[in-house]
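Given below, in the form of structure tokens, are the structures.
Both complexes shown next keep chain A, but they swap its partner, so chain B is in the first and chain C is in the second.
Let's turn to the complex of A and B:
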């Protein structure tokens, strides 16, 4: 990365805009089963907010917000969610990821929505960590 | 009248695609490529695929442009013949 671009407007706008981008990412994540969007898109939008921080406020600032020791477990969280929920579905007598067999609530549709949302959260967390890691390791050199 | 908008977007898409390939300044090509992605996202939304459009807008116009610019800043900005 080139040296920091010291401009008060850019820095202030980036700092103000970041929470709204992250809120939009959470909206896309939680409404993924009903409206356009889903885990992957939400993860990329969330990662874009950290990329914006890295561009405007410096790479070190962004690295402090998502530390590597937080990112590494997050990268494995998504596949783990898939496996755990799939095996829960098998244990309840259905196929792999057959949500409607899980006797969590009386309404089968509600169970499906909850479990799909859980899987989407896993995908989103993984994609966010992966895209941020790709960006950091391309921009920052050795210490990703 | 929506076909007029589609026609304008498609013509702009062809123009930006040619501009990306022809341009010798790689930074300008990367920025033009993000414009291409954005037009593509609008077209996907127009074609009733808002899911793909959202992904294209987030990844094509957002993430890959930043990666291209990092790659350019680590190498050369101008293309050599």
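Let's turn to the complex of A and C:
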């Protein structure tokens, strides 16, 4: 593991900044249907917050915040969301991923927006878990 | 002996240079990329998909298969890293 920053400024700022970075990631994720953003971007921002923790507060601290047991199932969440929603669309009489055929609400546009947001959440969760896992795997070194 | 590769490179380069001259001007609104499906996406995107962000509409709705493939690629990359370096 690389040497930790013992600088109190770095550690304090990193600890203070992390919740805001994660809040911004959630905003980018949930607002992706109306403003620039979406699952890929939100996942990377969220992963960046954990990487910041790993750099400033230590790898073990970051691993404790997003545990491997939670991360590994999250990796498969995105493809599974896509497949399940796609098959639901087929079952409701549309094409694969034709969201507006699902008779969930009277307004088909609202259904489209909801299902597109659901797919974006799946993408974001997968990207977040993947980027953090790759970083933790490579940052471990011999002393992990 | 070095002449043959040079000739191949020159011929391919000349062909590409001639082909570039036939491309539409940069930013031209008459380019095929802007006249094929883009007008329909812009006109009917909100009505058909229900999301206001046209980029999201194209990425997740019209090009859903493509995005599904991208997510699968990322998933596969993560699985490969876990398989090769899985030592946390």
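Definition applied: the second predicted complex is superposed on the first by the 139 of 144 C-alpha atoms of A that agree within 3 Å, B and C clash if a C-alpha of one lies under 4 Å from a C-alpha of the other, contacts with A are read in each partner's own complex, and residues count from 1 in each chain.
Going forward, a contact is a pair of C-beta atoms (placed from the backbone, for glycine too) under 8 Å apart; a residue touches a chain by one contact, two chains touch by 3 or more.
If you're wondering where the values come from, they're calculated on a predicted model, not measured in any experiment.
When both complexes are superposed on chain A, chain B and chain C sit side by side without a clash.
Using the contact criterion defined above for the overlaid structures, shared-chain residue A:75 touches chain C, although it does not reach chain B. Touch criterion met: A:97 reaches chain C, while chain B stays clear of it. Contacts of A:47 after superposition: chain B is touched, whereas chain C is not reached. In the superposed pair of complexes, A:120 makes contact with chain C only, with no contact to chain B. In the superposed pair of complexes, A:138 makes contact with chain B and with chain C alike. Using the contact criterion defined above for the overlaid structures, shared-chain residue A:57 touches neither chain B nor chain C, since it reaches no partner. Of the two partner chains placed by superposition, only chain B is touched by A:28; chain C is not. Looking at the superposed arrangement, the partner reaching more residues of chain A, out of chain B and chain C, is C. Look at A:108: by the touch rule set out above, it reaches chain C but stays clear of chain B.
Once chain A of one complex is fitted onto chain A of the other, the partner contacts of A:129 are limited to chain C, with no touch recorded for chain B. Between chain B and chain C, the shortest distance over C-alpha atoms in the superposed arrangement works out to 8 Å.
Of the residues of chain A, those at positions 36-38, 40, 134, 138 touch chain B in one of the two structures and chain C in the other. If you check the complex, the residues on chain A that touch chain C are 32-38, 40, 63, 68, 72, 75-76, 78-79, 82-83, 86, 96-97, 99-100, 107-113, 116, 119-120, 122-123, 126-127, 129-130, 133-134, 136-138, 140, 144.
Against chain B, in their complex, chain A makes its touches with residues 1-2, 28, 36-38, 40-41, 44-45, 47-48, 51, 55, 131, 134-135, 138-139.
Chain C makes touch with chain A in their complex at residues 46-53, 55-57, 59-61, 64-65, 67-68, 70-72, 74-75, 77-79, 81-82, 85-88. By the touch criterion stated above, chain B contacts chain A in their complex at residues 50-51, 53-55, 58-59, 62-63, 66-67, 70-71, 73.
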